[in-house]
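In the part that follows, the structures are each spelled out as structure tokens.
Shared chain: subunit A. Partners: subunit B in the first complex, subunit C in the second.
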Partner chain A sequence: MWEKIERVDRRVIYILVLILVSLPLWFPIGLPIPVAKETTAYFNTIEALPSTSVVIFSYDYGPSAAPELQPMAEAGLFHAKSLGLRSVLVCFWATGAPLAVNAAKKVYGDAFPNVPEYGQDVAGGIVAIGFIPGGAIGMSSFASDVWATIGVDHFGTAFTALPLMSRVRRATDFGVFVDWMAGTPGAIQAIMYMHGPYGVKVGTGSTAVGVPEAMPYYTAGQLFGILAGLAGAAEYESLVHAYGWAPTLLAPMDAQSLGHVLIIIFVVIGNLGYAASKLKRGG
Partner chain B sequence: MSVAIVKRWIPLIITFVIGFVVTLDFFFFAPKTAAHDAVSLLKATVDVIVAPSALIGVVTLVRHHGRNITKRGKGWAFSSITILALAFYGLIGIYSALSTTEFNNLVLPHPAFAWYYDNVYAHLDAAIFSLLAFFIASAAYRAFKMRTAEAAVLLVVGSLVMLGRAPIGGVIWPGFTTIQSWFMNVTNVAGFRAILIGVALGAVSLALRQLIGVERGYLGPGA
Partner chain C sequence: MLEEIAPYLGIVFGAFLTLFVYTILWKENPLSRAAEHLFIGLAAAYITGYVYDAAMKVAVLTPGRLAEGNIVWLLPILIGFMYLFFFTKKYFWLYRFPVACVAGIGAGLVIVGNIQSNFVAQIAANVRLPLLGSQIGVAWFPLDNIIIILGVLTVLSFFFFTFEQKGPLGISARIGRYVMMAAFGSAYGFTVMARISLLIGRLRYLYETSEAGFYAYYLIPVVIVLMLIVAYWERTRKPSAALPPPTPAPAAAPPPEAPPAEEVPRKRKKTS
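Right, the complex of A and B next:
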């Protein structure tokens, strides 16, 4: 019997995954979400910023990572706006620019960038710079001279017409740099080109697969916080909820929980089948 | 001018001069000084270098898939779709740039381009990535076997971290969260730190070799 189970058709596995991951999206369980210390550290650092600080949000991902990163990117922007911080949105991935605009529309309204805060050096002021080419070199250039690297925003408006940008000329002007990252360039490069040379505090929200690589930088104090994948986003949403943010990840986290359990069950059954086959062969 | 000068010495001199100046800037030039600003300008020229490289990418892609289509090679139908999609995306870009003077003729914020990105590209990209959930489940079932002691350790630790990262782990037993946190913050950090230090030393060594012209592989064959 175990050999049969070991050789089960992969389509059966696919259907089980589909059912178990889909069900909680329609019928959420509402599992409690404990908050990790890396998430709390991120939240507390943003909370402690002086109200006139400029937060640079870097949208370094594409649509493939958006389900994991877009919720935290939106909640992060909402958090900054709620605290009256100024936000500047950039991206070193070409695919990130529309996602940054979508996040801003979610937080500032569909009329974005035609909102009173756009380009203004006021509480909740915001500028969307958009894509900066060149990968890590583009990031290095941005850190050393923002205006020389790119003199216009995402919509073609010159920095000279955006009062907020008069305070954002080089990395030493950044309150913190937050990288929503799905790879390279991302927060690791920001540590190299902003934290190292200029002492800028760098935080990140990363896809879960990127967290193990980012963790040594957190424990060394080079990252002030990490929002770790979908779980980190859900934890952060629960903290930002205090400012009126409506959590969007309760059902997806239930789906992820069941997905993880299903994979572990598959691993156990697969190994039992493997052990039974081995015993039968006299191994 | 001889081939060696064009293919080897000029690129090597450019690499050395730019690499040396940028390295000097990183370690010694203070912000707001003329030298630092000059190097900032130099780094900003990366935009100029990146733009033609995109064109080279398009030419290479069209040549590769065009050849496959004319030879009716493996998957030639998919090659056709690739070229059609490339042409379509390019046309949308050209249309976006020419159809309005708004946004200073920039393509990215144009509604046509944004519509294509939001309604076609985003869904295709997300759909392909979401297939991973199915492949991982199937792979876990078929390949994640305790064939050796090392595989057994990997399997047990992987399962514990998976349970600890998901909310259901803490509901089953709060200890899963603590164990996961320990693995991520202690064993993972120790292992990754060693890897990162090794990679960094290798990168420094490679950079130095390129800077002084010992490593010339990036110049192509015959350099």
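Right, the complex of A and C next:
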């Protein structure tokens, strides 16, 4: 029997995963979402910023990572706006620009960028710079001289016509740099080109795959916080809920938890089957 | 008319493409391949357009650049165009100039950044980790720090090949191997989390299609039932209808003939 279980058809696993993951989206269970210390550290750092600070949000991901990163990117922008912070949206991935605009539309309304805060140095002021080519080289250039790197925003408006940009000229002007990252360039490059040379505080919301890579930087104090994948986004949403943000990830986190339970069960069964067949063979 | 139905068409198209892509989990098929090829083509076109737009903003539209007569900015554009010589045999050597520029600048930046942030700062952070807490209570015994320091030292010893790994060095290297295995396990756990998150993302998309009046989400039970039916059919169909079973290998392979001296012997899989 154990040998049969060990050789279970992979499609059986797919069907079970599909059933267990899709059911909670229909019928949410409401499992608790405890908040990790990395998420709390991120939230507290943003909370502690002076109200006139400029937060640079870097949307370094594409549609494939959007299910994990878009919810935290939207909640992060909403959090900054609620605190009266100024936000500058930038991306070093070409695919990130429309996702940044989508996040801004979710927070500022569908009229974005035709909103009173756009380009203004006021509470909740915002500018969408858009895509900067060059990858890590572009990021380094952006840190050393923003205006020399690019002089127009995503919509073609010159920085000279955007009062908020007059306060954003080099990395030392950034309150914090937040990188929603799915790879390279991402938060690790931001640490190399912003935290290292200029002492900018760097935080990240990462895909779950990138968290093991980012964690040593958090331990070393080079990252002020990490939102770890969909779970981190759900935790952060629960914290930002205090400002009126409607959590979107309660049911998905139920689905995530059930999916994990199933994988754990299969890992255990697979190993038991392996051990049993090995014993049978006298190994 | 087209503008009105365009969003709905997009949603329906997206829903079907999602299902097409996931059919690859069953087996390779034309639907999944079509979706893949469509994605690759669209992505290539999209990236090309976006990068062109960004280059125009940086080199032309930014105040004080080409649009205002600063012809120095022609230089990076010309260097960039030299990438196109990749496609010619005669002038391929010109393609090396932009590559050399990018490689040189990139290497310089990475070396400096890496040494500062990934090497010196990481070592300093490990050295500064306190092995004893500053107060009696929760933080008096910082277990995390002790595990980190032990992990770093034992993993480093695993990659220490100057001496044979036996005795204390062998024990340390073995612990280092276990630490790495724990790290790989952690990475695997996060990968599972990421993949399930992506599945959830697509399922949420299908769920949200109901807002546009297209209930793609309700196709999921249909898909599950279809998968079960096909699985049952594949298991119960007669062997004659299926692919021929693999021929069992002979009990003892005949000794290979000595190849001619001038020919290189090639191993061939026996089929009968």
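Please note the rule applied: the second predicted complex is superposed on the first by the 283 of 283 C-alpha atoms of A that agree within 3 Å, B and C clash if a C-alpha of one lies under 4 Å from a C-alpha of the other, contacts with A are read in each partner's own complex, and residues count from 1 in each chain.
What we mean here is this: a residue touches a chain if its C-beta (ideal position, glycine included) is under 8 Å from a C-beta of that chain, and two chains touch if they have at least 3 such contacts.
Bear in mind the structure is a predicted one, so any value in this text is a computation, not a measurement.
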Check the residue A:144 against both partner chains and state whether it touches subunit B (first), subunit C (second), both, or neither.
-> first
Touched partner set for A:35, first subunit B, second subunit C, both or neither | neither
With the two structures laid over each other on chain A, which partner does A:155 touch: subunit B (first), subunit C (second), both, or neither?
-> first
Kindly classify A:271 by the partners it touches after superposition: subunit B alone (first), subunit C alone (second), both, or neither?
-> first
Which superposed partner A:256 touches (first subunit B, second subunit C, both, neither) = both
Answer with first, second, both or neither: which of subunit B and subunit C does A:25 touch in the superposed model?
-> second
May I ask you to decide whether A:197 touches subunit B, subunit C, both, or neither, giving the answer as first, second, both or neither?
-> both
Just subunit B (first), just subunit C (second), both, or neither: which does A:122 touch?
-> neither
Partner chain(s) touched by A:14 [first = subunit B, second = subunit C, both, neither] = both
Footprint overlap on subunit A, where subunit B in one structure and subunit C in the other make contact | 14, 17-18, 21, 64, 66-67, 95, 97, 130-131, 133, 137, 140, 149-150, 152, 156, 197, 208, 211-212, 216, 219, 228-229, 231, 256, 259-260, 263
Along subunit B, where are the residues that touch subunit A in the complex?
-> 25-26, 31-32, 36-37, 39-41, 43-44, 46-47, 49-51, 102-106, 108-109, 114, 117-118, 121-123, 125-126, 128-130, 133-134, 136-138, 140-142, 144-147, 155, 159, 162-163, 165-171, 177, 181, 184-185, 188-189, 192-193, 196
For subunit A, which residues are in contact with subunit C within the complex?
-> 9, 11-12, 14-15, 17-19, 21-22, 25, 64, 66-68, 94-95, 97, 130-133, 136-137, 140, 149-152, 156, 158-160, 188-189, 191-193, 195-197, 207-209, 211-212, 216, 219-222, 228-231, 252, 255-256, 259-260, 263
Seen from subunit C, its contact residues with subunit A in the complex are 25-26, 46-47, 50-51, 53-55, 57-58, 61-65, 102, 105-106, 109-110, 113-114, 116-118, 121-122, 124-126, 148, 183, 186-187, 190-194, 196-204, 207, 217, 220, 223-224, 227-228, 231
Write out the stretch or stretches of subunit A touching subunit B in their complex.
-> 8, 10, 13-14, 16-18, 21, 31-34, 36-37, 62-67, 95, 97-98, 101-102, 130-131, 133-134, 137-138, 140-141, 144-145, 148-150, 152, 154-156, 170, 172, 197-198, 208, 211-213, 215-216, 219, 228-229, 231, 234, 253-254, 256-264, 266-267, 269-271, 274-275
